[in-house]
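Scroll down for the structure; my scribbles are underneath it.
Read from first to last, the chains carry the letters A, B, C and D; within each, the first residue is number 1.
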Amino acid sequence: MNAVLDLAGLDALIGALRTSGRTVIGPVLRDGAICLDELTSAADLPSGWGVDAGPGHYRVHRREDTAVFGHSAGPQSWKRFLHPPRRALVTSGPDGFRPVREDPVDHAFVGVRPCDLAAIGKLRQIVGGPMPFVVAAECTEPGGVCFCASMGCGPSASGGYDLALTERIDEEGHRFFAVAGTHAGAELLDRLPGRPASERDFAQARSDVEGAARRMGRAMPDTDLRALLAANREHPRWAEVAGRCFTCGNCTMVCPTCFCVSTEDTNDLDGGAQRSQRWASCFEIDFSVLHGGAVRTSGAARYRQWMSHKLGTWHDQFGTSGCVGCGRCIAWCPAGIDITEEAAALADGVVR
Amino acid sequence: MKPGDWLPLPYRVSRRVRETGDVVTLTLAPDGRSLPGFLPGQFAMLYAPGVGEVPISVSAIPGDGTLVHTIRAVGAVSGALHDARTGTVLGVRGPFGTPWRADGREDLLVVAGGIGLAPLRPVIRNTVARSPDRRLVLIAGARTPADLPYRRELDELSTRDGADVVLTVDRAAGHWTGRVGFVTEPLAVHPLDPDRTTALLCGPEPMMRFCARTLLDRGVPAERIEVSLERNMQCGIGSCGHCQLGPLLLCRTGPVVGYHVAEPLLMVKEL
Amino acid sequence: MLSIAVWKFTSCDGCQLTLLDCEDELLPLARQVRFAHFTEMTSVSEPGPYDISFVEGSVTTPAEAERIQRIRERSTVLVVIGACATSGGIQALRNFADVEEFRSVVYARPEYIETLATSTAIADHVEVDYELRGCPIDKGQLLEVVTALAAGREPDLPETSVCTDCKRRGLTCVLVAHGTPCLGPVTHTGCGALCPAVNRGCYGCFGPMKQPNVPALLPLLRRSGMGDDELQMVFATFNAAAEWS
Amino acid sequence: MTHRANRTLRVEGLARVEGEGSLRVRSVDGRVESVELIIYEPPRFFEAFLRGRDFREPPDITARVCGICPVAYQLSSCRAVEDACGVEVGDELRALRRLLYCGEWISSHALHIYLLHAPDFLGFPDAIAMAGEHRGLLERGLALKKAGNLIMTAIGGRAIHPVNVRVGGFYRVPEPAELRALTETLKRALDDALATVRWAAEFDFPGVEVPYDLLALRDSEGYPLDRGEPVADTGLRFTASEFKTHVTEQQVQYSTALHARLDGRMYLTGPLARYSLNSDRLSALAANAAAEAGLGPRCRDPFRSIVVRAVEVVYAVEEALRIIEGYERPRAPFIDVEPREAIGHGITEAPRGLLYHRYQLGADGRIVTADIVPPTSQNQPAIEHDVARLVEQHADLDDHALVSLCERAIRNHDPCISCSSHFLDFTREDR
């Protein structure tokens, strides 16, 4: 089922999701970036804000139009809500072990870009958890660090959403071509104030998204990445990247699929203890610690782990790539290290 | 995250046997619900409440619902487990990981270093109990004679027909009249039939590499050499990411791995 | 009951004040531990030995160099707290200057003042068991050390960058998104990314992380507007004598 | 009874004061010959290494002088640098600074009242022992202290060495909601503060009056915190830039802190001086609490400083509530400050009294010279004098009792020894 919504329709969509008891999360402008936060209405969306992103560089800028989804991936990802940065697991005390039960939050995600939609799928494959209601925003405007097309994860949403919107602003106004992906999505769409979509609406939306595929800022080399990384574990490039890499862990933290956690105990002052987990990164030296020391101490080994896992061994472990091409790790790496460039260097046998 | 996966079951220490100066064997009895059965080579995540949780293999499988673990105190958590008195409640999750593939009829060669004997002990016991005619060679090493666990059992084993027990230590001390040196030395010369030998190795990584090399040189194919690998493990269910060794997630596709898979990975520094 | 001693060397008192800033925890804590020596808080002073000694401040006088030895001998676990104790603190700026000149510039009668030419970390004098970084230390980390040691576990004191906590908090990177110079990528975490949370770049008060890649940061700091002088100064303030590279 | 003609009293390691110091009193024939408050806190040379640093650095650097009153250092230094650069922040940013300062006053005073000073009056070695019998009391004190720290954390990022203060204002100004979240806590704190005044008023006071001149700031409106002009009860009044012509410092052999005089006379700064010169500027509620506690318009009894501090806490909590209520987010978090070749002075009222900063800047924005006079070095001669008088008046006490009385006399002034040792006059004064 499809329809065309205007901004009021989008607002009604957010309103309807809220009335159904869901916490609606979507993009908002905060601290000079497009962040993810609770939406109370469509007015919270970053209308007219776009993004310039490059390696180690990100700036929001005013757009010429009032598009609300006209920005590429920001500093946060939906991982924050599906796999929170810190989470209590188990408490122990005189009465034994108990799981920490959090009040389940019924989330609705609005404005999920196709790369992130793919990421949600990959992440949930590993960490599980309830599926939120997802309103995808098809990508009509990729950013400077995007390469989802070359990862097969965009720019069009290929499923996993309840509703998918394609935003368009032209002489005919500001509107969203909406497609339902699930029964729940169709039912909701049915209740929204929109008009039925025409063949033309459909064609326009498709051509906008196809156009986006041609405007990706970057591309992953077209090769068997898994084989490439497996074959290059001893490549001199690793030591070279290590010269630029801070091992600060930013890339893994912003990556929408990096799932690693460390567990820790905390003791309260009355004899009880709590076991909890927090986001971890393979860039942390302690990550690989064994009695006697860490396995990966050099920056080169840690960078190799990250990239090889994302692009290579993820296939062995989970049957798919760990990268969706959202480009966050490129933009938010302070040093601007570019996973596509590093892959290309391996593929071409280049050492800087 | 499925919280159930992270929720330990309470087990009570029902027996505590001192093996060496820093090694004990604990028998744990379920304090309520019990976990599914473990296979030799598999491990549990043992939780010392408020201190931490670490992977520990089963060192015997009594079959009565109890779990037996042999623990060497090396740090805070293993130290707390080692110190747990009878009656102490510990948390247990499991079973996790791959078992030793040692059910065939061919000769069994078991090579262990130090506490590495613990995960291999169930295989030895099963073989003795179920396949009395199967040839069994055990080569075990330790730093000093006092660090060799299960001494009585090993002595008993050595009297069994068809079982060769070779013990060696890095440094002799006390009344030791046996061998001094690395396990690779007896391994290089001990009679074995490479065409019908399955080798199981457990111990420090360099030791396993040297032993595997020796066995390959003697003609045992990599596919019939198994090693038990160690990496940092925090979940046991493949979702914390710490135990990666290249393509492997050792809590799931390990810890027991065929040497044909392990070798190329172990050759890479800091993988 | 653990006996705890708190010692002051050359410092500002801020790190030990952190203990008194544990307003909610102080009374529950007092049921688990005994303050056997803590001049800022109590007139009681026991001779020791102590289960845990917290040492604030750096060594800047011959008497201090003497005193830390005696404290070490009487302490089972010795925890150094704060930038002064872990790296010599801001007063270590003298290490790069002429202390005689400092002394005469500041004092009318320099001969009255007994001071060493350097301000040094406690670990330069005795063996240290745990290190709490920061100028000042973080209250949560302080409680973590006490509760962990009381429970017999290893304190959880990550040695990675401030960035990891900045991201866990969901903050926007000020270096990437605002072009604000930030030492987060090379600074030891533990503060909870306080500065980025107020749109400020980290100025490194927790000192260098393990294996900091400072050379890689310099061009970025330059690009975001820092001159050579500023670069010099930003690494030479609260942890001037720490190993930034 | 050990009335001895010649005696030496020693207190090694004064407890429940901030920093490290000791006391030596020598008396001959019942007359006190010398009192030495020995500050062996090693010097840290702040003024020396500030030379050559950037003009934007003093707030962060000088905060590290003292972990108990970092905000005072940050704000005195900001004001001095801004003075040198010829700028002043607007009312909105000033209000936020004042709010931050209220936080420090509340926290620092609550610390002193409950954890350091009250055990003296109730006869305990420390607050934790006191809590053994009066748990509720310490809980109230800690709650009050926490309220102050919450204000500092909300604005400054952390309570000790806040990260959000800069020359010209702040790095980030809080959203109104972030501050209003504190209102409930502060309302409870106001009740606690009032209860603190009533409680402290009931203590036993030996009833002494000090003779020194009193020096405090006087603001054009309100009780002085973040600005004002120095005034003395002698009628003396001068501007910040004249501070060093009236206040002179001298080095003494036994201490790493300098001793200050006001036009050659011994003087006191801090709560007693502030209150005595500004009691007309208290809010109605605070003034009322003071009156009920039996404080007149002036108070010269250092033992009663605990009551004065409690009154100041009432004022600071009320002031914080007032500022939060009227708070609107300033348009910009800071004003631009361009360096120039000039000298600037800044004085604010730290919890312990006047804190003076002076910076000479070069045209390139580098600091040429720096001078800082903290409250404790100004009060040090007066503290010693207090001790001397007590020893003479109570010569009949045994050593133990006399020593503890001396210690109390010192604690009355809440000396911050960490601060005082770090500031010695920058210019050479050989006398």
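Just so it is clear, contacts are C-beta pairs under 8 Å (C-beta built on N, C-alpha and C of every residue); 3 or more make two chains touch, one makes a residue touch a chain.
What you see is a predicted model; the values in this text were computed from it and never measured.
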Based on the averaged CA atom positions, which chain is farthest from subunit B?
D
So which chain ends up in the middle if you average the CA atoms?
C
Per the contact rule at the top, check every chain pair and give me the one with the most C-beta pairs in contact.
C-D
At what distance in angstrom does the C-alpha mean of subunit D lie from that of subunit C?
25
Provide the C-alpha centroid distance between subunit B and subunit D, rounded to the nearest whole angstrom.
65
Subunit A and subunit C: spacing of chain centres that average the CA atoms, whole Å:
37
Intercentroid distance (Cα basis), subunit D paired with subunit A, Å:
51
Counting only residues that touch at least two other chains, what does the list for subunit A look like?
264-265, 267, 273, 297
Would you please write down the residue numbers of subunit B that are in contact with two or more other chains?
50-52, 75
Using the touch rule from the top of the page, what pairs of chains touch, sorted by label?
A-B, A-C, B-C, C-D
Considering the complex alone, what residue numbers of subunit C touch subunit B?
151-154
So in the complex, the part of subunit A that touches subunit C is made up of which residues?
30-33, 35, 56-60, 74-76, 80, 85-86, 243-250, 253-254, 264-270, 273, 278-279, 281, 283-286, 297, 299, 331-332, 334-335
Residue positions on subunit C within touch of subunit D in the complex are 8-18, 20-21, 23-24, 26-27, 30, 35, 39-45, 60-61, 63-64, 89-91, 93-94, 97, 99, 101-103, 105-109, 112-113, 115, 135-136, 191, 194-195, 197-200, 203, 205, 229-230, 233, 237-238
If you look only at subunit A, which of its residues touch subunit B in the complex?
83, 87, 89-90, 92, 96-101, 126-129, 230, 233-234, 259-265, 267, 272-273, 275, 277, 280, 282, 287-291, 295-298, 300-301, 305, 308-309, 312-313, 316-317
Which bits of subunit C are touching subunit A when the two form their complex?
25, 28-29, 31-32, 144, 147-148, 150-151, 153, 156, 158-161, 163-164, 167-173, 175-178, 182, 184-186, 199, 210-213, 215-217, 220
